[in-house]
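Note that the chains take the letters A, B, C and D in the order they are written out, and that residue 1 is the start of every chain.
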Amino acid sequence: MSGGSRARAVAASPAARAPEGDVLAARLRQRVASQFGRSLHIRTLDTGSCAVCEQEIRLLAAPHYDLHRLGFFFTPAPRHADLLLVTGPMIRAFDVAARKTYEAMPGPKLVVATGACALGGVYPADAFVYGAVGEILPVDVWIPGCPPSPLALLQGLLVAVDRLAEKVSGLTFTAGGDAEPPAREAER
Amino acid sequence: MTALQPVPAGTLASLLTAIGSASVRDGGGAVTVPVPAARLETAVHHLAGAGARLADLFATDGDQVTLRLVWGLDTERQYLITETAIDDLEYPPLSDIAPAAFAEECEIYEQFGVRPAGGKPLNRVALPPHAGPDFPRLGHQPAQPPAEVHAPHTVAGQAFEFPFGPVRQVGVESLYYGLVTSGEEIVDLYLFTWHKHRGLEWRLRGHRPAEALFLAERAEGLSATAVAWSVAAAVESALGAEPPPAALLTRGIALELERLYNHAAAMAALCQSTGLSVGQAAAEIALERLLRVNAAVFGHRYLFGVVEAGGVRRGPDLAALQVGLPGGYGELRRAADALLATNSFMDRLEATGIVTTEQARRLGLVGPVARASGVAVDSRVDQPAAPYFGHPPAIAVRGTGDVLARFQVMLDEAAESVRLIGDLAAAGPGTGAAPLPGGGGAGLGWAESPRGEALAWVSLDADGRITRARLRPASVRNWRGFDDAARSQNVFTDIPIIEASFWLTVAGTAR
Amino acid sequence: MSALGWLAVAAGGWGLAVLAALAGGGRAGAIRLCCALSGLGGAAAMAGGVSALLWGNGPVVTVGPAEVAGSLQLQATSLAGVFAALLGLVAVAIAAYIPRYHEPGPGTALYLAVYNLALVASVAVLAAGGVVTFLVAWESMALLCYLLILRHPSRDAVAGGAFWFLALSETGFVLIIAAFVILATKTHSMELSVIAARAHLVSPAWRDTAFLLALAGFGFKAGLVPLHVWLPEAHPVAPADGSAFLSGLIVKLGAYGIALFAFRLLPAQPAWTGLVTMAAGALTAAIGILYAMNERDLKRFLAYSTIENIGIIVTAFGAAMIFGAYQQRALAAFLLLAGLYHVANHGTYKTLLFLETGVIEHAAGTRDMDRLGGLIHRLPRTAVISLAGTLGIAALPPLNGFVSEWLIFQGLFQGFRTGSHLLGILIVTAAATLGLTGGLAIYAFVRGYGIPFLGMPRTRPAAAATERGQPVTGPALLAVACVALAVGAPVVLLVLSRAMRTVTGVGLRPVLLPGNLTVLPAHTDFSAFSPTWLAVFLVAVTAVPLLIYLAGRPRADSVTVPVWDGGMVAFKPRMQYSAMTFSAPTRVTFDALYRPSVSVRRASDDPAGRSGPVHYESAVAPLFLRYLYRPVIRAVEWLADVVRPLQSGDVSLYLFYVFLMILLAYLVGAL
Amino acid sequence: MPLWFARGLRRGIVTTRYPARPDRSAAGLPTPPAFRAGVIDRRLADRLVAVCPSRALHRDGGVLVFDVGRCTACGRCQEAAPWAVTPSGEFELAGTSPAQFVKQIGLVQEVGQ
C-alpha cells in the first residue's frame, strides 16, 4: 500500500509527520484538483461511527448545502470514486473492508478523515479500534468536529481539492485579554 | 427516569408469590427479585404467561456469573428485574419460552461463556470472526466460538445468498446483509453487525459517570439524549440522587426534540428509498431546520452533552425554541402532507414490510415499529417518571404493521412531541444537577428514544466508578424485527424502504 | 459401391464388433478392437447415407425367398439417407468415446455387444424395404435399447426408467403395426415402394386413420407431448453414451417414421392432418423447453431439450404437409429439407452434450447443476467443446442450430402462400410458438452452461474435478461436425436438395442456392442469407476487438485489483445464482403450467429465534404423470384384475379359447 | 408531481452561499475552545486536561498542548474555567496534516492565592 509509510508516520506521532509526506500530499491534491477539481466523486466509508457523521454527510446533498453546486457528487461505487470520506475510529474488525474499499478506487485518490473519532479523539487505540483512520489509510485531509457540521465538511472537501486554503494552521486558539479568576475557583 | 412509586399490591404481588421469590428489593429504578437457577425456568414461564415483556437480558460477572432479566410490567407501571446466579456453565434455554431473549443469549455466550442448556446453535453477534481468546470480553471466553449458522445455502434447497455490504450505499452505516432469495422473493435475511462493535460496555468499566455519559452519547448518536438519559437515570437510581425537576423538564424537551428530528430524518430516508427526490428535499429542509433549532436551543445539532448524571449540563434557550420550533415543524408537517397526497409514494409504503402483532410481541419489539404493529408499548406511559407524570404523551398506535403504519405513527408522534415540548417549556425547565452521593449501588434507567425504549443498567463501586454498565438502545431490539419484516412477501427493492421505516442504527446494535 | 452396399458394410462391421466384444470377454484390447470396428461401421454408414442422398432410392433387394413373409426386404432411400448418415456419425463419435468412458470388464463387453446390435437394428430400420422387415427391425431396436438402458440394473431408478421406455415403446409399436396393416391390406402389398406407388388406392378415411396411428405410434418414440414421459426417465439412468445414442438417434427414428408415412408412403395428405402434426410439434417444442428450464439434473435437462427439438422438427414436417396439400410443393419440399437438416444438427450437438455430461459426471461425481460450478477452469477442453454444442443447440450463429432453425422459420413465415388466411395465421402462430421456444432455449442453455461451468465450485468434488483420462476425441469430432454443418451449409443444402428431388420430385436447387453461398428459402422474393459469410463475419467481429485488446496490453503502471465485493470478508459458493433460482422467473410467469409448490423451513420459524439454516424447496408438479398417466395405469391394472379369471391354468379351457378364436376368425373372413 | 413543482416554487431557495459568502447558521455551531493567554497556570491546565473526555489536551512541561483534531467541542473545559476558556467560534478546521492541529498554549506561573 503506497501511503503505508505515511500512515505509519502519522500513527507514530501526529506532531512529527514526515515533511516530505506533506509535499507528496500537496502534490497529490494539486493533481486531483487539476483533474477532478470541478467534478469530484465521493465514496463514504463508515469505520465505526455513531451514525451522526453519516447523517451530516447525507445532509451535504440536502437543499441547504447542496454540494453538487460545487461539483462534488456521491457515488456508491468506489471504482468511480476519487475521494474517500472516512468516518469512525477504524474498528479492527473492519480494516479488511476499509483496505478493500481504498484499493478498489482508481488513482489518483484522496482520503479525508472526518470527525473526532477518525482523528483519534474519542476512542484510544485498543483491541477494538485502531483509534484513528490514519492507522490504516493514507489520509490527505482531516476534518475535526463531533460531528463536523455540513459547512465544516464542505470546507474540508474544498481544501482537499485545493479550492480553499486550510486555515487551521494559522489559528492559535488563544484569546486575548485576561480576567481575574474568581475565588470559587479554588475548590471543586 | 427513576420510578418513584412503591411496589403495588395485586398482580405484581401475585406474580412474585408465583415466582416464589423470598426477598423483594425495591429501588434502583425497579423491583429486584432474586430467583435461584433451579426456579428460573418456572419463573420465566409465569412472567411470560402473565404478559410481562422481557425487555432485556444480560449477565454480570462477579465471583460467579449472574443472569439478570429485565421485565417490563407495562400494566404495573414497573420494571421487574430477576437476578439468578449461574453456578455452572449452563442455564435453562430462556429463548424457548421468551423468544425475544435469543440474541442476548448469544451475546452472553460470547461475553461470559455461559450458554442456554440444550445446545441450540448460537449466532455470532458482537465478536468479530478473528476474535481470539485474548480478545477483551466482559467475562470468560466461551468454550468454543459461537457457530455462525446464518442461513447457509443448503444444496437440497433452491435458494442462494445475495451478499450485500458491509460497505453499502453512500452515507449509511456499515452493515452486512445476507439476503437469501429464491430468485424472486426473499426467503431469509440476516445481519452481521460486528463490523461496528466498539466494545462500549467493556470501555465503560472503571469510568466515572461523567466520562461514561460522554461515551454513552456516542453509542447511538442519533438518540444521544435518550441513551445518555437512560445511563444517567441508572446512575441516579443506583446512588439515590434526585435530579432537580427543572433539569428533568429540560431532559424532556431535549428528548422530544430528538424524536422530532429523527422522524424528519426517517421521512427523508423513506423518500430516498422510494426514489422521490423532491420529497426527500422537502423532508431534508425540515430536518435541517430542526437540527438548527437543536443547535440554537441546546448548542448542539444532535443534542450531545445536554444530559449529565444528576441533571443537565445546559438549559434550553426557550426564546430560540419559541422562534425556531414552529417553523421547523411547519416544514415537516407540510412535507408530510404533500407526501401523504402523493400516490406513487404511498403505494410503495402500503403493505410493504409487514410486522404482525404476534411477531412484534414474540421478538419484544419496541418504539414506533411495535406501535405500528398494534403493540402499544411506550416507556413514557408504561413506566412513567418525571417529567412525564404531569405531561403524559398520547401514544399513536396503528394495526397494519406495514411501512405506511410506521410512517403514520412517526408523524403522529412528531405532532405529539411538539405539544409536549410546549407543555414542558411552559412548566419552567432549567439547568443544574444534583450532586451524586457516594457509595456504590446498582440501578436501572430508561428513556423512550425515537426508536423506542432505551434501557441501561449500571452498577458502581464505592468510589463511584462503574463496575458494569449495560446499554440496550432500542436498535438492539428492533433489528430483530427487521428480517421478519423484510421477509414478508417482499422483493429486493422493498428492503431499503423497510430499513428506512425502521430507522435504526447499526452503531446502537453493535455499540 | 451402392448406398445399400455401404449400409451392408456398416452392418457387417457392427456384427464383427459384436463378435469382438463377446469373444474378448471385456479385455481392454478387445474393447478397443470392438470400438474400432464399430467406428468403421459408422464411417461406412455415413458413406451409405450420403450416397443415398446423392443418388436417390436404390432398388429393393430381397434376401431369402420373396414369397416368404419372413424374408428381408432392403432398400436405400433418400429419405432415410439423412438418418443413416447421422447414425454413422453418432456411431463413430460414440466408438471413439467408449474406450475411455467404460472401464473394461464382462459387463462392458456385453453392453458393447448389445449396443452394436442396436446399431445394426437401427440401420435395418432405415434400410427396410418391406413392412415385416421394418417391424422386426423396429421391435428389435426397441428391445436392444431397453437393454442398453439396463447397463447398471442394480442402481435405483434404472429399472423404472427402462420400464417407462419399454412400456411406451411397445404401446407405440402396436399402433405402428395397425397403421402398416391398414396400408398393407388396402394396397395388397408388404413392400414399401409398392405401397407408396399404390397409395392412391387407399380411401381418404383409411389413409388418414393410418397416418394418425403412425403419428401416434412413432410419436411415442420421438417423444411428442404427451407421449414424451419416457425420455426424462430413461435418459438419466442410461450410461452417457447410451443416452447420447437414445437422444441422438433413436428418437430421430421416430421422426423418420413420421416422415416415412407423411412424405413417402402417403404423400397426398389433406391439410388437416398436417395441421394436427404441426400443432403437436409446436406444443411439444414449447412444453419441452419449459420443463427443461426447471431441471437440475443435466441429463433430464437435455432430455427435455430433445423433446423440444423433436417438436421443432415435427412442426416443420407438419407445415410441409400443409403446403403440400395446398400445392405449394416447393415450400413443402423446402420445409421437409429444413426439418431433415435440423434432424442432422440436433443429432450432432445433442450427442455431443450427452457425451460431455458423461465426462462431467465422471469428473465431478454428479449431474446436479447445483452441485457443480467453475468447471471451465478444471475441465477446459470439456468446456470449449460443450460451448460449441451449447451455441449450436441454443440456435445462435454461427453454429448449425441457427441455420436449420432459420430455414424452418423462413418456411413458416411464408404461410401466407397457402392462400388460406386461416391456415396462414395458424402457421405463423406455430412460428410464433417456435419463437418463444427459441427464446426460452437460449435462456435454458445460458443456465445449462453457465451454472455448471462458470462461477465457483459449489461442492468439494466439483472443486477437485479433473479431465485427465476423460474421453475427448468423440465429442471433439462432433464439435467439428457442428461447425462444418454451419459453415458448410451450402454444401449440405446442395446434397439435401438433390435428395428432395428424389423424395418430393421438386428441384429446389435454383431457388435455394443462387451462388455466392447465399441461401434463399424456396422463393427468390422472400429473404436470403449466407451462413458461411455470417460465420466469417462473426468470427471477424469477435477476433478484431480481441486483437486490439492484445495489441494494447495493460501498461506497466496500471494495477490489477480484485472485483469490488462491498468489502465483505470472502465470497462463498452459496452466494452465486443456482440453477433453480436462475429459472425462478419462469416459474412465476408460467405457474399455470408448472403449478410450483414451495416449502420453506426457516430458523426463525422455530420460536426460539434466529438460528440454524434456511431450507427452501420449490417443486414443479409433473402434470402429465399426475393427470394423464396415473389414471391410465390405474385403468390398465383394473382391466388386468378383470381378465384374470380367464387365466385358470386349465389346458382344456385354453384349447377352448383357441377354438373360439379360430371360429371367430373364420366368421370374420366369411363376411 | 405538479404538486411538488408548485411546492418547490413556493418554497424558494434555501441553499447556502458558502463558501462565497459566510453562512449565518455557523453561529449556532459548537466550536473548539480558545484559551485566554496569561490566565492558565499549571494547576488549572492539569484540571482542564482532567476534564477533557477526548484526550485533546495534555500538559507538556510549561506548555498546554491542544490537539484541535481530537476536540469534540463538548465545552467541558469552558464549564471548568469559564474565565479562562471561551469558544473560539472557528468551524473551518480542516487541515492537511495532523501537525497543523497541535497547538501550544503557553502557561503562566502560579496565579491566585
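Just so we're on the same page, contacts are C-beta pairs under 8 Å (C-beta built on N, C-alpha and C of every residue); 3 or more make two chains touch, one makes a residue touch a chain.
Predicted model, so just to flag it, every value in this text is computed and none were measured.
Asker: When the mean CA coordinate of each chain is compared with the mean CA coordinate of the whole protein, which chain is closest?
Answerer: Answer by centroid distance: B.
Asker: Hey, how far is the Cα centre of chain B from the one of chain D, in Å?
Answerer: 32
Asker: Using Cα averages as centroids, what's the distance between chain A and chain D in whole Å?
Answerer: The mean C-alpha positions of chain A and chain D differ by 17 Å.
Asker: Using the average of all C-alpha atoms in each chain as its centre, how far is it in Å between chain B and chain C?
Answerer: Using C-alpha averages as centres, the distance is 64 Å.
Asker: Round to the nearest whole Å and give the separation of the Cα centres of chain C and chain D.
Answerer: 81
Asker: Scan chain C for residues touching two or more other chains and write them down.
Answerer: Touching at least two other chains: 565-569.
Asker: What are the residue numbers in chain D that touch two or more other chains?
Answerer: As it turns out, chain D has residues touching two or more other chains at 14, 25, 29, 54, 72, 74.
Asker: If a residue has to touch 2 or more other chains to count, which residues of chain B qualify?
Answerer: Expected reply: 129, 166-168, 174, 215, 281, 285, 288, 301, 304.
Asker: Let me know each pair of chains that touch one another.
Answerer: Once each pair is checked, the touching ones are A-B, A-C, A-D, B-C, B-D.
Asker: Can you list the chain C residues touching chain B in their complex?
Answerer: On the chain C side, the touching residues are 368, 370-371, 458-459, 565-569, 571-585, 588, 598, 600, 602-604, 607-618.
Asker: List the residues on chain A that touch chain C in their complex, please.
Answerer: Of all residues in chain A, those touching chain C are 77-79, 96-98, 100-101, 103-104, 107.
Asker: Spell out the residues on chain C that touch chain A in their complex, using ranges where they run on.
Answerer: My answer: residues 559, 561-562, 564-569.
Asker: Report the residues of chain A in contact with chain D in the complex, numbered from low to high.
Answerer: Result: residues 10, 14-17, 21-22, 25-26, 29, 63-66, 69, 116, 119-122, 124, 134, 140-146, 148-149, 151-152, 154-156, 158-160, 164, 166-169, 171-182, 185-186 of chain A touch chain D.
Asker: Taking the touch rule as given, give the residues of chain D at its contact with chain A in the complex, in rising order.
Answerer: 14-16, 18-19, 23, 25-26, 29, 32-39, 44, 54-56, 66-74, 81, 83-84, 86, 88, 90-103, 105, 111-113
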